[in-house]
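Below are two complexes that have subunit A in common, paired first with subunit B and then with subunit C.
Let's look at the complex of A and B:
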């Protein structure tokens, strides 16, 4: 069953078109990696999915069309977008940031239970609950951003370059947690990443995006095995 | 000494009113980054509504309640109809729009109620408390009490309710607020409604001390600007502290600095604005948050 279906998605900024017809089909509970060089349109793709940039084409979440909806409406339908730059509410406390993730949900008890659940994924956040989120390190803020997204109990989680600016050790930890979340909650994940090696390590399917078009699709194993891809996009020899 | 304390008490009463007006300015600035030059005129218009209700025979407190509700709705309407179309426009455009709103509301009030001054009923009893040689008017006590109540209610709203949390989220990071599902447009309108309500309270409090006329808030707005600048335009607590300091400074300067007297009092807030902008532009409590990238 597909969680997210994208057909012929065209998007851009003003007159500058960035995506020229992208197709995706992400299965329920799958992790889908979007790879590609700088400027390929990876961030724009996620923004088009969550309604942050205007797009034409089909975007379906389960049976619901997301095309043309505003970002807040898309969020209420169950798409949690962790944006580039993490979207932290800097002066607010860590706990307030997490609770904002659950803003659209009712039921204080469930939200409290989820807060405890987030703490088991990210123990470091638990020790910082009353601290201003702006005082966290980059890695902690990325964890907070993912934790905030999970608080909405999303059907689809969109992650934009979670590794950006983080130390390798922190990045690996982060991907391990994303994988754990995916396995335990069956959350569908679309992750955009420059660090192809890490992303392919947790994804089932992968797509390579180049100048706004998907130039290669396959299972993570296939993409990893493709020597040409490895050289042109992933930056290493197999 | 008693004379000095007496002046301080007078200053506190005036300062509380400046504080509530400054709070209205800061509320809108926090959400939208807009300095609303029409805030005083909206408060004046609200005060006329209260006056009209009293003139129509409503008891004062019922008139006030009705005024606050109408002001809230009016503030939201102004945001939706007048500010929304210029959202994201250059600052100068928005300044011009709020100045235009200032002139429009001022003229509308004059057209509806004429420019003749009206007597506004004082909700608080005549007379004064005697506290060790200092006399504190019931009206001063009442003003301080009402403003304190407004502060407490706003604090509870922002710190302890879901809507308040959403409003703070919009104030700090609107695009991220959208991504967690908050309707940012309506939240901004809510901020304007809230500011108009707080402004209405200060208008109703100050009208018995001045006279009710369309230009009554002009001076008050300058004091409120001084208070918000001093406290920091992004700090509601700062607006309150700033308001109180401006009120006390104005009264003391008028009483003890010979050449100022009551004629040059209006120079005090202007000096404060100038001084703050020169020495500490973010104000006393303005945010200079240290953030790690």
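Let's look at the complex of A and C:
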């Protein structure tokens, strides 16, 4: 069953068109990796899915069309977008950030239970609950951003470059957690990543985006085996 | 005295919540002083302040009681402005207009329809709220300088408008009204009675704003202020919450305007020029944005510093007032409330 279906998605900023007809079909509980060089339109793709940039084409979440909806409406339908740069509410505490993640939900008890659930994935956040989020390290802020997104109990989680600016060890830990979340909660994940190794390590399917078009699609194993990808993104020749 | 009650274990749990209502500041730190944490000290400070406020009118001459009353009036207006500027991160250079609307609504109700004065408060607040909603819908689609300009325009067109509808507003002559008379049972003088009325309104306003900010809605406002894009992807509808913040903010300003009419017993267009709007914003920034103490400190500044400026230099009080604002912002870039917090943290303390 497909969780997210995208057909002929066209998007851009003003007159500058960035995406020229993108198709995706992400199955329920799958992790889908979007690879590609800088400027390929990876971030724009996620923004188009969550309504942050205007887009034409089909976007369907289960049976519901997301096309033309505002970001807050898309969020209420169950898409959690962890934006580029993490979107931390710096002056607010870690706990306030996490509770804002559950903004679309009602019921304090459930939210409290979810707070505990997030702590099991990210134990470090538990020790920082009353601390201003701006005082966290980059890796902790990324964990907070993902934890906050999970607080909404999303059907689809959109991750924009989670590895950006983080040490390799921290990045690896982060991907391990994303995989754990995916396995335990069956959350569908679309992850945009420059670090192809890591993304392919946890994904079932992958797509290579170049100048606004998908130039290569397949299972993670197929993409990893592809010579062209190996040369361009994995940094070695096969 | 008030601190004693707080040491009672039965009230322990209630203390932090009430403290947050009184002074719920963003970025609270866990400073401990003599074994009490910051939340408890804020609660003690608020209680002490309230005790002093209840005692003061029996010790001061009527003029000083009047001055304190005006501090409370400004504090309510600044509290409203703080919701918008300090907590939702929007700007308004036109809040004097909502203050004026509240003042005139009360005056017209009392003058034309002989409305008893207690009734004018909810009506004036409601009128300002609705006007804030109507003006907020277009204004809150703008940001930064554009929003500043539009709100400034609101303040500018108000005065000529008030002069124009002379039959209702009394035109340039304004309206003169009877002040609320103290009931015989109270045994209070007129100035004392009015002072306590305004104090009650101010305390209610602070409690209301405090509970508003601690709710889900308050969190939404802070999210909008700190990161609009992230707030939106959390499911916060930006236009809705910004407009709501504008309307509430206008409502508090309107309530302040209403009690201003009770205190002064006179309204005229020249009391509500653009200058008032600018003074309110300056007072809030000097007091401290996004804090509960900020509006009180700002109100004290707005009320007393012009007088002090006059004493320092009779010829150019405006210059001295301006220089004092610059001096405060230089010493305390986060306002007087921020400065107080910094000084408290400097006090050496035992483990």
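In this section, the second predicted complex is superposed on the first by the 237 of 238 C-alpha atoms of A that agree within 3 Å, B and C clash if a C-alpha of one lies under 4 Å from a C-alpha of the other, contacts with A are read in each partner's own complex, and residues count from 1 in each chain.
Quick note on the criterion: a residue touches a chain if its C-beta (ideal position, glycine included) is under 8 Å from a C-beta of that chain, and two chains touch if they have at least 3 such contacts.
Note that the structure is a prediction, hence the values are computed from the model and not measured.
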Superposition on subunit A - do subunit B and subunit C clash or fit = clash
Inquiry  = With both complexes superposed on chain A, which partner does A:165 reach: first (subunit B), second (subunit C), both or neither?
reply    = first
Inquiry  = For A:136 in the superposed arrangement: first (subunit B), second (subunit C), both or neither?
reply    = first
Ask   = In the superposed arrangement, does A:52 touch subunit B (first), subunit C (second), both or neither?
value = both
Request  = Using the touch definition from the top, say if A:124 reaches subunit B (first), subunit C (second), both or neither.
outcome  = neither
Request  = Scan A:70 for contacts with subunit B and subunit C and give back first, second, both or neither.
outcome  = both
Query = Touching A:104, do we find subunit B (first), subunit C (second), both, or neither?
reply = both
Query = If you stack the two complexes on chain A, which partner ends up touching A:10: first (subunit B), second (subunit C), both, or neither?
reply = neither
Message = By the touch definition at the top of the document, which applies to A:88: first (subunit B), second (subunit C), both, or neither?
response = both
Task = Under the contact definition given at the top, report the residues of subunit A touching subunit B in one complex and subunit C in the other.
result = 50, 52, 70-72, 75-76, 80-81, 83, 87-92, 96, 99-101, 103-104, 132, 148, 152
Ask   = Which residues of subunit B touch subunit A in their complex?
value = 162, 165-166, 168-169, 172-173, 175-184, 287, 289-293
Task = Write out the stretch or stretches of subunit A touching subunit C in their complex.
result = 50, 52, 70-72, 75-76, 80-81, 83, 87-92, 96, 99-101, 103-104, 130, 132, 148, 152
Residues of subunit A that touch subunit B when the two form their complex = 50, 52, 70-72, 75-76, 80-81, 83, 87-92, 96, 99-101, 103-104, 132, 134-138, 148, 152, 165
List of subunit C residues in touch with subunit A within their complex = 26-27, 30, 216, 219-220, 222-223, 226-227, 229-238
